[in-house]
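Before anything else, here is the set of structures, which you'll find just below.
Two complexes come next, and they have one chain in common, chain A, joined by chain B in the first and chain C in the second.
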Partner chain A sequence: MEWYARPVIPAATKFVGSPISAQKLAGYGVAAVAAVLVLYPVFFLLQASLDVGDPLARPPTAYGLDNFSGLFQFPQILLNTLTVSLAAAVMALVFGFVMAWILTRTNVPGRRMFEQLMVVPYYLTPLLGALAWSLLGSPESGFINQVWRALGGQSYLININTPYGIAWVMALFEGSVAFVMIAAVMKSMDPSLEEASQVMGASRLRTMLHITLPLVIPGVLGAAIFVFAEMLGSFAVALVLGLPNRYYVVTTAIYQLVQQYPPKIQVAAAMGVSLFAVMFVMLFLYRRIVMAGSYVTITGKAFRPRVVDVGFLRYSLLGVCVLYLFAAVLMPLTTLLYASVQKIAVAFPTAENLTLANFRMAMSMDAVRSALGNSLLLGFGTATIGVVLMGLLAWLIYRSRLPGSGLIEYIVMFPQSVPRLVFAFGMMWAWVVFPIPIYGTLWLLLIAYLTVFLPLGVRTIAGVMLQIDKSLEECAQMCGASWAFRMRTVTVPLLMPGLVAAWLLLFISSIRELGASILLMGPHSKVITPSIVESWFGTSSELTATLALIQTLVVAIAMVVLVAVTRRVAAQQVD
Partner chain B sequence: MQTKLPEAHIEVDGLELFYGSVPAVRGVSFNVLPGEQLTLLGPSGCGKTTTLRAIAGLEQPAAGEIRIDGVPVYSSARKINVPAEKRGLSMVFQSYAIWPHMTVFDNVAYGLRVRRVAAAEIAEKVGQALDMVQMRDFAGRRASQLSGGQQQRVALARAFVFQPTVLLFDEPLSNLDAKLRADMRIELRDLQNRLGITSLYVTHDLEEALAMSDRIVVMRDGLVEQNGTPDEIYSLPRSAFVADFIGSANLIRGRHRPDLAIDDLIALETSDGQVIYGMSYGRPVGSELVVSVRTVHLQISLQRPADKKNVWPARVEKTVFQGDFSQIHIAWGYQHLVARCAAIEPIAPGHEVYMTIEPRRVVLLGAGNS
Partner chain C sequence: MAELVNLKLTRRTLLKAGTAMTALPFLGIGAPSVLAQGLSKSPTKVLDFTTNADVAKAEQEGQLVFYCHENEAGTAGIMEGFNKDFPKIKTSYVRAQTGALYNKILSERSAGRFDVDAIQLSDLAPAVDFQKKGGYEFYVSPETSAYKADHLSSPAGSFFWTGVDPAGIAYNTDKVSSADAPKGWQDIVNPRWKGSISCKIVASGLQFVQWYTLRKIYGASFWREFAKLNPHAFDSRVQLFDRLAKGDDRITAIGEYPAYILFKGKGAKVAFVAPPDGLVATPLVVGAVNRAPHPEAAKLFVDWAMSKRGQAWYQSNPNLYYGSVRTDAPPMPTGVRLADLKLLYPADWDDYSANRDVFAKEWNGMLGL
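Let's turn to the complex of A and B:
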């Protein structure tokens, strides 16, 4: 072959070990950014919790543990938190387990459709649920209670402004999370394990008790701990339904301590650190259980679980599915829609009470327009910057094999175990003293969103990244491509579906973010979700319902795009 | 043996590599000569792929040195580690690693585009490379529309189109079905001869290694077990492991009997008193010996062959028909031996036969086999 002439100088002689490559620079660059984002506020949170000196002096004048011992003055808050979280976690697990069993193990009609609908409550947000259920179930004006009195009942049928009312709404929405986790466990169980038991002559009941249950228990236990930890840190529902009766859980108490005048920063910080410590331990336990106890998920392979023919019972099970989605999705949405087109929200419609004024008003109010505009702007900014930052982080952690990537994974996943409200509190305290004045601007919100969504973005992108055969990148390297060239021509194009999905998830999450935004937005940097809460406590419930619907619409559009994108990607992978 | 000793193209010196604390390669040394096709052969987990990836620059060794054209690309002593993309090598991956988001043309053109070759030249070279693997008609296709064998050809064209000095192959045929594998084996060897490129090939498949290599390095547990031509490896295994891994062999142990030696043959007496003549092939002869006899070199006959050494009566235990040959299990004293005979009449179990082994086929194994 003439054209195949051997090069005279081998390529290797030209370069010998360059110490600083673009790869290392980019890798350690994003690692440093992530570390600052996460650790800087955590440091200030810890500092504030140990500050026992003059509350107005910064840096602190004295350190001690008095703030923590002082927490025992609030036994009621601790009790409230435990009551609500336990009740909510138990209910959410029951919802999740029952729905997971019905939808993965029985031949209920329309299983596939219901399985997809089960994630909708998660995207509707607990805040929306709380607003809707407040309209439905508040003792005086709640629609359900109005109907009850019209039917001749006394005082009220349900009262949503109670600990169990709060837990009920929380559980309705967390049930969706519990479902996803428990269904995954049930799906990852090899059906031949059960078949083996039956072939050896065991009855159905015996198989269920001795094979099925032991196999799913570790997964369910893991889900229980995870859900309980989430409930400890949840904020929106307790705020909307608890505040009118001055019923505080730990997150709303922290919020109150920070917002009141004079603020009690140090006590709030101690409360936040304690909550964080408890959640951290629980999530640590969760990871241990998932890794050690679950024989089921070892292969990570999805099986087609054996479906039990439940006969006519399947129509009752269908009813259970419909009922859950009715309570968690359909009823809240209809209620808000109904309230938004009324002058005064009442249970029984009259022609003169109907109006579109709420929508006109919402769209003409400067405050609303700027809040919505800010939210969209932040959504685009967070999603776009976030995808680049989190994509590089995912690559750094799971692909680069640069030393220290394990530590970086730990830092990046850290915000997972800190409630967003507590994290935002640390940020508020941290960025107030930052030399560049970003406090009270949209920049601070951008930084906050990028920080609290680190785990979400990195996990989404990593999920796709880990499915890409590593040799596709190695092959580009063997063809002589530099790191930047490989990234541009191979890694990023292959990762595109994951990046698009991550972009949309970050966008959606930014639009509906409450816990961090409510503490960090300034008078000139309002965003939509906290504005809805302000509107709920400050103006009419009809206008609030309108705002919530507008926000839901924005999220729904993004959701539809997300589903379309994932469908297309799934279709591409098939052929 | 070459008439003039050329300088080695790839030199691996005392290579060590760990996965965490688990040693994968424990001090491996060998050379690859220019234009030579060398195969790393061994069972899975022997460190052959790890060694190849270390040469490629995809794994970071812990110790040793790797030189290409005399220039170190990795050296623990001199703290050199040239990144993979700058070593000037090329590689065919086990999974083919065809980029699914590019056409066949773009896949093959990649290495040329990296080197900023002009578009016209790219078109010409990619065309020639695709011709060589008979894939020109597929240039516009996407990877997802190719069969396994076609992907294999594209991966090959992509690997040599930019004229690398060395081609590395990581079990490139293991994902193909048996028939296609046999065809590709011949094609690959042809192509390698035409390009005259230095190749380092990794496989666990014995036939592949024997058919394709100028030289074979047999590896086991992260160490080199034997380094030689396919014929040397097959005919003169150095250890029991090689004898057994490279084709099937009977191992016979016994005491050295120098007093019975005839000519240049060595004599070995088994525990049940049988005397076998074999050859030492220059290997040191101790007092306790192990010899290896390939199953195909053990001849079975119904009549006693005249004028031959190493003839014994034996009894057939069972015969297993395997198509091209029959495998005959024989009881010989206390020992059980296996013979593979082509096209033989079936012999009933219990039948008395004669077993003959030519002394030159009785190969003394090296030390360390007892």
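Let's turn to the complex of A and C:
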């Protein structure tokens, strides 16, 4: 999850080729596709935010800035958004920092296994986390509070429907990116500085506070801005946990405003564009930090991250790891399973309250019968097409010497700056008027996913691409290999591990996608995550828990199969 | 199997057709369809109801796309009932609250997309608006004679009341004693419910009816008092009763009778109160949509939904439990007939429709939006 600085290409080495070389053709072709995917919907989004005419008339009948000035009517929502995003970002960074330090710098038992398990909350989806924690921590019906009262406690122990409850769940399920980013910084740190501190007599805590922390500050700051921007665009958790307490953030307010009649689409669009502006500033700052070379710990000197022997403290740290994974993985899954076999989910069910009817009902619903299949199909499609498209874009931006590649980078990263729910409006209006009838079909969702996951895919592939020495490609070029031949025989084989990782990431991201899908799916193109949200709106929480469990199980099986297949293919390649 | 029935082409039918033609040009309604329907077809009997649709052609179309305000299970239930009777017609649906659904269909049609065959809304205001815009296919079902004029669009042929959703007050019997339980609508603004009462969001048609009718009875201050209780608002009746059953809310100000029956059946500790002023009620209106991709299937669905058979399905499906307004409707599964209930509807539907914006502004403001 990194933004990468484009390599500076000396003018003398810039590509000078024939005007219609395969490289140029492929480069500009793929750039044009990316530009259409991103800029076409953005135009409609901006148009809507400036539309002050009849909300149901398209194209707009009048333009103005009233929608933006009207945003000041919602100070509480803006304040809520900032409060929850900030709290969630801080929590995610604390979790990320502590877990990264434990798992990269200490000799905690089972650290390799825990490092692998740290990505599981990402696969579980924020929606599942919110549903589970809603069952656990609602003030009256939450299982934890029921047990608390059964033990003689008064009122409730926890209330998950508060801003900090929302932030807690967001941090657990949307903040795992902070761990990934901070762990990467810690792994690249030269341990000799910490060793010097300890040789001089500083305690472990003092070393951590005065040496380790300052060294990772630039990386943590970058992660902070990135995570804060992610939290600003968060939707599912705020929807499930905020709505019961009338606590709206910008994304949930946007959703409510466009669902009503007469719709307040223009105000919602203005809200979205404003949020985009804030997120853009955040990401711009982040990028400046990364590009300014603030990772002063990354040097050309060879070293291995040193693992600190923390003595008996390692068992306490093990407890922290177990506790984190218990809160983020084990407890949510167990809670959903427990709720799914009850008629009315309670902490102490009676025999007559137990049922398998939720599973029977779930299996008869569109959400499972067609939506899950559609999601898997879209996952395959998005991942497969995405890897090719985003691989070429990563090459275009970070490896080619084609003029204008810097501009393409900005265009590609644009969807990262807009909440998907907001971007989906632009896509809906853009593709509903598109002459080819793709609106309401899986094709529209495929296009939407390819658009919103451009930054994710390009960044993931670029991460691997930048680790490969350019001289290998240049060597092939010097030997007279054409661009296509070089790509096929040098670049792609070297990139293969990164491409496989990107494929899996795009696959799982497509299946868990909510913000864009909830507006764009049609009667024949239902997908699973929005169907679960619809179930939460319109059916019981027990049935919704069942659907979320089925989704998790199917995705887990798909992932196991895919990983096994890719490992076998990789092993065959090695043989 | 099909039995021919004489077509009654009356002067009234032709006048209606003529009236409908004047409503046209918005959203592409086609005048020829009015006449074509009136002149070319004789009703046929299929199963135990009559239809002007060409059943063979409907089955050849093979699909029905349905937009519906009902919750997921309810919408799936309606489609299941139709599909059981016509297994060759594959069904699919989109569900959302009435406001959202109406926005969606208007957006699609303004962009030239005509993907839906039939629509069901829980609010008469957008239905009348859609009729004015020429969005409905003008289709007078042979089953129309079983309905009073009040329960049909004016003129008949655009939509009909496929059922009525009545709501009173419901409370959790573990959290509220019967002595403290509300007895009438005035009791929902009692300060004792602060922070523990629920209602529906602004997109709900029934919520609009409740706001309108109780405002007429108790004045505008009634809802201002209600706002002071910080009510929790949700999308669907199931969410309201889900929270009520678990004690997250002690009382719901808009307890829909069908949801009460559903949750009572699950063993939830909830009770229903029918206020003496009457149950607020909203018609659930169904109509075939103009320029539908499967027009014969759409007509067949409308006939099925209007028929005694379709109404029995609507009335007895646990996820629906709509009260039927058919003149010969049997009692609901609880033994209660809709006609036995005192229902509160807006007295003036035009005035009701005109107040949509006022309601939206007030309700959004109350909920902090």
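Following the convention adopted for this analysis, the second predicted complex is superposed on the first by the 455 of 575 C-alpha atoms of A that agree within 3 Å, B and C clash if a C-alpha of one lies under 4 Å from a C-alpha of the other, contacts with A are read in each partner's own complex, and residues count from 1 in each chain.
Quick note on the criterion: a residue touches a chain if its C-beta (ideal position, glycine included) is under 8 Å from a C-beta of that chain, and two chains touch if they have at least 3 such contacts.
It should be emphasised that the depicted structure is a prediction, and the values quoted were computed from it without experimental measurement.
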{"item": "First (chain B), second (chain C), both or neither touched by A:Ile344", "value": "second"}
{"item": "Chain B versus chain C as contact partner of A:Ile447, first or second or both or neither", "value": "neither"}
{"item": "Greater residue coverage of chain A in the superposed arrangement, chain B or chain C", "value": "C"}
{"item": "Chain B versus chain C as contact partner of A:Arg246, first or second or both or neither", "value": "second"}
{"item": "Partner chain(s) touched by A:Val433 [first = chain B, second = chain C, both, neither]", "value": "second"}
{"item": "Contacts of A:Asn353 with chain B and chain C, given as first, second, both or neither", "value": "second"}
{"item": "Touching partner for A:Leu392 - first (chain B), second (chain C), both, neither", "value": "neither"}
{"item": "First (chain B), second (chain C), both or neither touched by A:Asp469", "value": "first"}
{"item": "Touching partner for A:Ile254 - first (chain B), second (chain C), both, neither", "value": "neither"}
{"item": "Touching both chain B and chain C, residues of chain A", "value": "none"}
{"item": "Residues on chain A engaged by chain C in the complex (per definition of touch)", "value": "56-58, 74, 76-77, 138-141, 243-246, 248, 253, 256-263, 265, 343-346, 352-353, 361, 364-367, 428-429, 432-433, 437, 439-440, 522-524, 531, 534-541, 543"}
{"item": "For the chain C and chain A complex, residues of the former touching the latter", "value": "65-66, 70-74, 76, 92-100, 102-103, 106-108, 110-113, 115-116, 123, 126, 201-203, 230, 232-236, 238-239, 242-243, 245-248, 266-268, 356-357, 360, 364, 367-369"}
{"item": "Chain B residues touching chain A - in the complex, by the definition given at the top", "value": "56-58, 60, 68-69, 71, 73, 79-91, 93-95, 97, 99-101, 110-111, 114-115, 125, 128, 144, 158-160, 162-163, 165, 168, 194-196"}
{"item": "Chain B contact footprint on chain A (complex, rising order)", "value": "1, 3-7, 10-18, 21, 401, 469, 471-472, 474-483, 485-486, 489-490, 493-494, 575"}
